[in-house]
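Letters are used for the chains, namely A, B, C, D and E, taken in the order the chains are written, and counting of residues starts over at 1 for each.
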Amino acid sequence: GSGSDGSGSSNVAAVIKGLDNPFFQAMQSGIQDTADADGVSVTIQAAADIGDTTGQADKLTALAGQDFGCFVVNPISGSNLVQALAPIAAAGKPIVNIDQPIDADAAAAANITPATYIGTDNEAAGGKAGDFVVSKVPAGAKVAIIGGIAGDVTSAARVDGFKAAAGDKLDVIQESAADWKREVALTQATDIIAANPDISAFFAANDDMGLGIVKAVENAGLTGKITVVSVDGNKDALESVKAGGLTATVAQYPYAIGELGLQACQVAVAGGDLPKDIESPTALVTSAEADQAISAFPQPFAPFENPLEGLLSK
Amino acid sequence: MRSFGGQLKQLSFWAENAAPIGLVVLVIVFAILSPTFLTLGNIKAMLVAAAILVILAIGQSFVITTGGIDLSISATMTLGAVGFGLAYTAGLGFWLSAVVAILTGLLIGLINGLLIATGKVTDFIATLGTLSVATGLALIVSNGKPITVTSVELLTLTSGSVWIFGYPIILAAILGVLAWFFMFRTRFGLHVQAVGGNEDSARANGISSTRIRMAVYLISAGLAGVAAILLVARVGAAEPAINTQYLLNSIAAVVLGGVSLTGGKAKIVGPIIGALLLTALTNGLTLLGVSQFYQPLAVGLVVVLAALLTRFQKK
Amino acid sequence: MRSFGGQLKQLSFWAENAAPIGLVVLVIVFAILSPTFLTLGNIKAMLVAAAILVILAIGQSFVITTGGIDLSISATMTLGAVGFGLAYTAGLGFWLSAVVAILTGLLIGLINGLLIATGKVTDFIATLGTLSVATGLALIVSNGKPITVTSVELLTLTSGSVWIFGYPIILAAILGVLAWFFMFRTRFGLHVQAVGGNEDSARANGISSTRIRMAVYLISAGLAGVAAILLVARVGAAEPAINTQYLLNSIAAVVLGGVSLTGGKAKIVGPIIGALLLTALTNGLTLLGVSQFYQPLAVGLVVVLAALLTRFQKK
Amino acid sequence: MIDKYNSRPDIAPFTGSTPATDFILTATDITKSFGGVHALRGASMTMRRGEITALIGDNGAGKSTMVRCLSGIHRPDSGEIVLDGEVVHFESPNAARQQGIETVHQNLALVEDLAVWQNFFLGREKTHGLGPFRTLDRKLMRKTAEEMLQGLAVNVPPVTSKVRRLSGGQRQAVAIARAAGWGSKIVIMDEPTAALGVQETARVENVITTLRDAGVAVLLISHNFDQVMRLSDHVWVMRAGLAVAERRTEETDGDELVALITGAKAA
Amino acid sequence: MIDKYNSRPDIAPFTGSTPATDFILTATDITKSFGGVHALRGASMTMRRGEITALIGDNGAGKSTMVRCLSGIHRPDSGEIVLDGEVVHFESPNAARQQGIETVHQNLALVEDLAVWQNFFLGREKTHGLGPFRTLDRKLMRKTAEEMLQGLAVNVPPVTSKVRRLSGGQRQAVAIARAAGWGSKIVIMDEPTAALGVQETARVENVITTLRDAGVAVLLISHNFDQVMRLSDHVWVMRAGLAVAERRTEETDGDELVALITGAKAA
């Protein structure tokens, strides 16, 4: 289990995904701010970009040799950090897994038992978006899905969740990949609208692409007629929801995930027992909740039971 | 007519005109497969989408004519966009921000020029270095966050149009005409071709290859700055994300346009058509709902086929 | 000693040895700034992390010695990794799957070779095309999903070590020695250098430049296939994501190692040290907690500085 | 032993009966090094008005380097060039041209992918219009180039064809016509007939004498002694970066020149 | 008017008193086109044992193309090459070499970044060992190269220095030594002295006569008539892709050769 039998250092190392995306920047802020507030020393490193699987592993390996008492990791894929984590686990240092879960089989094979997992189920987030779209548009309406880089794990999970929720209630006419980029999503949405003027809704795997789609819808003069839903809950996206651009976004609160991650480390280092899974909050933000969400940003707007508060105060 | 028919049989005819022929073939194929493809709305959208690539391809074409290559072109655009965003947020207004975007671009161009023209560093490595530097700078100054820009002028720029020609493609066309003029009708353009054709001979005739090289990297970077404005206008935000795709596509467009990477042979219309071709390809594939997985394959095949064709060009 | 001191004053000494000197400087700087940097554990970690890049740099070095360039190298590795994953999932076992990975790589190498050696397509464009093609194929065959591979052999491969030398870097070192042997001690290597130095002269002396070019692209792709196995081992899965970083770094490593992109001058040790340098740079910056945003900047500056140095190489 | 002739001012150079004002060009003590290679080590030479001056010497003696110093491609490390009585410093090839020195380089200095007329005017194009929109006066340049080529009576293809399509002899003709066509004071030719056949060589030699007859001073670099004896009025001999001897052509012969070149005979 | 001499079998070629078996090489009706350019249009020529045969002609006459056909670089479109009484078809430069034909090309065919000894053995390196691990026998090759260069008594730098550092004359020496050093039947030299100075030219001419004296048949391409008259035993004249005439050197003179080259005189 999670022991404090390591070096006893209370320093925390965090390795997260690429900072070229606001989602992970918010996560970084969550970790940093909490550390500052609690007087913990933290080193945060990030992958070069969303495809930098080995680079991320290299960075974790570099940190593994240093004097850290606990590691917070957000792997790019289920297994890319497993090799790098093996020596950390062997040294008995606690590992807090956030956002992207480590592949269970791979972890078991390498003798890694994360102290806890904190995150949102990306599939569930996609599902929330799917349910929302189903409720907004008539049955059998045409929808298109724009994913991140083709082959990306997170994107695939969100898209799968959306498709599962859509079931046969929606007609998914197209699925394309816009590399997580606003401009690419804009171009593709423009093309898709041109090919299918009767399209009812778009689902985007992240907010940046969602905002690109909004722009395309705007250019086509169809604002309000086409439903656009994305996942993340970035500031920009919330503003857009408020302004009537995005119809909704499924907020995942990366800031809160980061915060929880750091707190979990504190608990682990102090020798506390952590729950195996901590579900971080997700919330569908529509125009009704937008104001509230913006003022609470980056914290969740809905009351949220932090399971770690009690453990921390001990 | 006979002589034209005879020409058609010549491989070199096809080679010289790989880009326009490819474009025509694509248009015919897509028009048959998708009823939407040739609608005015789609053509308009395609042209607007092509504008940025067209401008980058023009810049790249100047560099490649001197036998160089600008790998930093898309990173420079990113940095320019961030520069625009920061300037606009700081309250400089549209026009001043646009100037900032172009100046930011020119800064990278200046570094490229100094390294390559004065420092005699290989173009490939120098611009690979500035690609990294510009990417880093864009992330640092923007703090890695997209900067949302809402400006009336930007809105006009993206949404305004004359018939099916949106303002971005009109801007690109104007730049294309200017580029053509400077390349083929002025001393400067002749000297660009001369330096690319044979640097030693050009210098023996009193042409400063240093100045010419400096100039082409400035042109390329300046155009990347202009493209940056269009990019911000298009997405409504300045994003520090790297646009590798634009880099590879700008080079592919120039080569599809029949410009040899060894330099010396200038073309402006060719690369523009190359850029349109690449845009039409992605557009058509999206319209047809071709799986995302097959799109890189299709682009790769087109590039390879065109390259196979261009090799039959007359020397 | 005197003559060595005299050498130090020569710019060309620094230029010839940009990579080792840079590596030593980096090691000293990081060792001073971070107590962890020179620990055995960190050195071991760095060496393991460098293995993939070292192997790719060796492959790239063969291609660049002939005056070519292989832009498809990292996409080939990705496709090889996916090939490994599929084969393993299909129950072929580790060794057969490894063979599949290498064969998949060789397939792309064959296409490159056919296009460039036989089809006389410019290397830059041909490999840009196959970069797209390989990426597309990797996505298609994997259906865009990572293929998790858990195999005892892979685990041994990543975690086994002899003192501070992990198996991956040992494999890379063996390949380096073989590469050095073939490049500098066999007819083949001499012919690679001859074709890169002066293709016409080489042909007039009876060397088949077609066969040599074909061979170097096959070597580069085959090594990318080997690197693919290490990649799968390291990541624990075969992922269809493109590793653009590896492409640019493999070229940068070769150039840092003192190989000119114009071809004709072979080096094997230099590129390997270049790869170690780049890895040490990222490792050190990570240890020092330098922000992600500053890392591309640092890499860019190192590449540009090294390039400025290498230009003082003796001809 | 190299006789460092030019560094000994006590020995008056051989000038025959020519008064000093008849020197159109005097180069004195020119040095030029490339890294460790001392290509010119204090070479001096003169050219007389209306004469063909030959410059001979073994491979690597420094002839081409001297030519490049005179035509503004290299800047000498030290030494003085006096043109028409005035000390000149050429900052660029164009500066030398503007002062009336035209050069046909050993490598011809043509750009293969450009048309004949473009090569003809390379570096000094005619333009019309104003400011950045000054356009090339293509018509004027084509016409002028055509006239100049025809004036030299060399059989050349249309001026709009690319140099790449020209044969070796035709290229040489373009390069020579370009140098000859500008009403210059001095035309320098660095081995203009090295790769030419009999007919082409005869034509070029004809151009050279025509230039002389028109009052142009010609500097001819050549390894062909017959040609030197046939064409030149005066010969300078270089050896290892120095001008080691000069002779009036009529007062010397091939054997003496060989002896001077190889150093078998001192100046 | 081109006299298509070789396509008229009724006119016996001028062979003097040489019996047919004394021809070491006979090329008959060779044609070779590049796209639209007919470089060779049915050229024939012969070479005799132990003689220096000169091949002359204007620029673009097809001399170098003929040489490239004889040395296996180009494959003729049609025509027959008979070497030592046997019809040969060279698939590659190495095939020609193996049959005993060595060539010094107009561009020397050296690789600048390789050492002298590497250039010396380029394409036919000595190796020891087995299979893919057959290694270069560097020691043997260095020693052999050094001996061969010294045997020709040419002043060359160490065989380990790169060709890039060699002067023009030294390079020529390496290329010639390479061709001369293989105990071959025929050595072809395409303008071997075009860019050389007096001393270097003398050395090369010496090598050529040494080869002849050793019984090697030499084919010499040259624009220099003096050289041709001085060295060769027999002269072939090419014009516009055809061999238009042949002469015993002692029975002709420079003026006649010029007339034959320009077409002023028919064969």
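Everything below uses one rule, namely that contacts are C-beta pairs under 8 Å (C-beta built on N, C-alpha and C of every residue); 3 or more make two chains touch, one makes a residue touch a chain.
Keep in mind that what you see is a predicted model, and the values were worked out from it rather than measured.
Q: By label order, what chains touch subunit B and subunit E together?
A: For subunit B paired with subunit E, the chains in contact with each are C, D, in label order.
Q: Name the chain whose C-alpha centroid is most distant from the C-alpha centroid of subunit E.
A: Farthest from subunit E by mean C-alpha position: A.
Q: Using CA atom averages as chain centres, what separation in Å is found between subunit A and subunit B?
A: Each chain reduced to its C-alpha mean, subunit A and subunit B end up 35 Å apart.
Q: How far is the middle of subunit A from the middle of subunit C, if each middle is the mean of its Cα atoms, in Å?
A: Comparing mean C-alpha positions, subunit C is 33 Å from subunit A.
Q: Quick check: how many Å separate the C-alpha centres of subunit A and subunit E?
A: The separation of the two C-alpha centroids amounts to 74 Å.
Q: Averaged over CA atoms, how far is the centre of subunit C from the centre of subunit D? Could you give it in whole Å?
A: Each chain's C-alpha centroid was found; their separation is 51 Å.
Q: So which stretches of subunit E touch two or more other chains?
A: Answer for subunit E, listing residues that touch two or more other chains: there are none.
Q: Two or more other chains touching the same residue: where does that happen in subunit A?
A: 19, 49, 150
Q: Would you mind listing the residues of subunit C that make contact with two or more other chains?
A: 139, 144, 244, 292-293, 295-296
Q: Quick one: which chain pairs are touching?
A: So the chains that touch one another pair up as A-B, A-C, B-C, B-D, C-E, D-E.
Q: Which of the residues in subunit C end up touching subunit A in this complex?
A: Residues 36, 39, 41-42, 45-46, 48-49, 52, 138-139, 142, 144-146, 148, 150, 155, 158-159, 231, 233-237, 239-245, 279, 282-283, 286-287, 289, 292-293, 295-296 of subunit C touch subunit A in their complex.
Q: What residues on subunit E touch subunit D, complex-wise?
A: 57-61, 167-169, 191, 194-201, 223-226, 258, 261-262
Q: Please give the residue numbers of subunit C that touch subunit E in the complex, ascending.
A: Listed in rising order, the residues are 181, 185-187, 190, 193-194, 196-198, 200-208, 264-265, 315.
Q: Where on subunit B does subunit C make contact in their complex?
A: Against subunit C, the touching part of subunit B is residues 115, 119-122, 124-126, 128-137, 139-140, 143-144, 244, 248, 251-252, 255, 260-261, 291-301, 303-304, 307-308, 311.
Q: Provide the residue numbers of subunit D that touch subunit B in the complex, in ascending order.
A: By the definition above, subunit D touches subunit B via 71-73, 92-94, 97, 103, 105, 107-114, 118, 122-125, 127, 132-136, 164.
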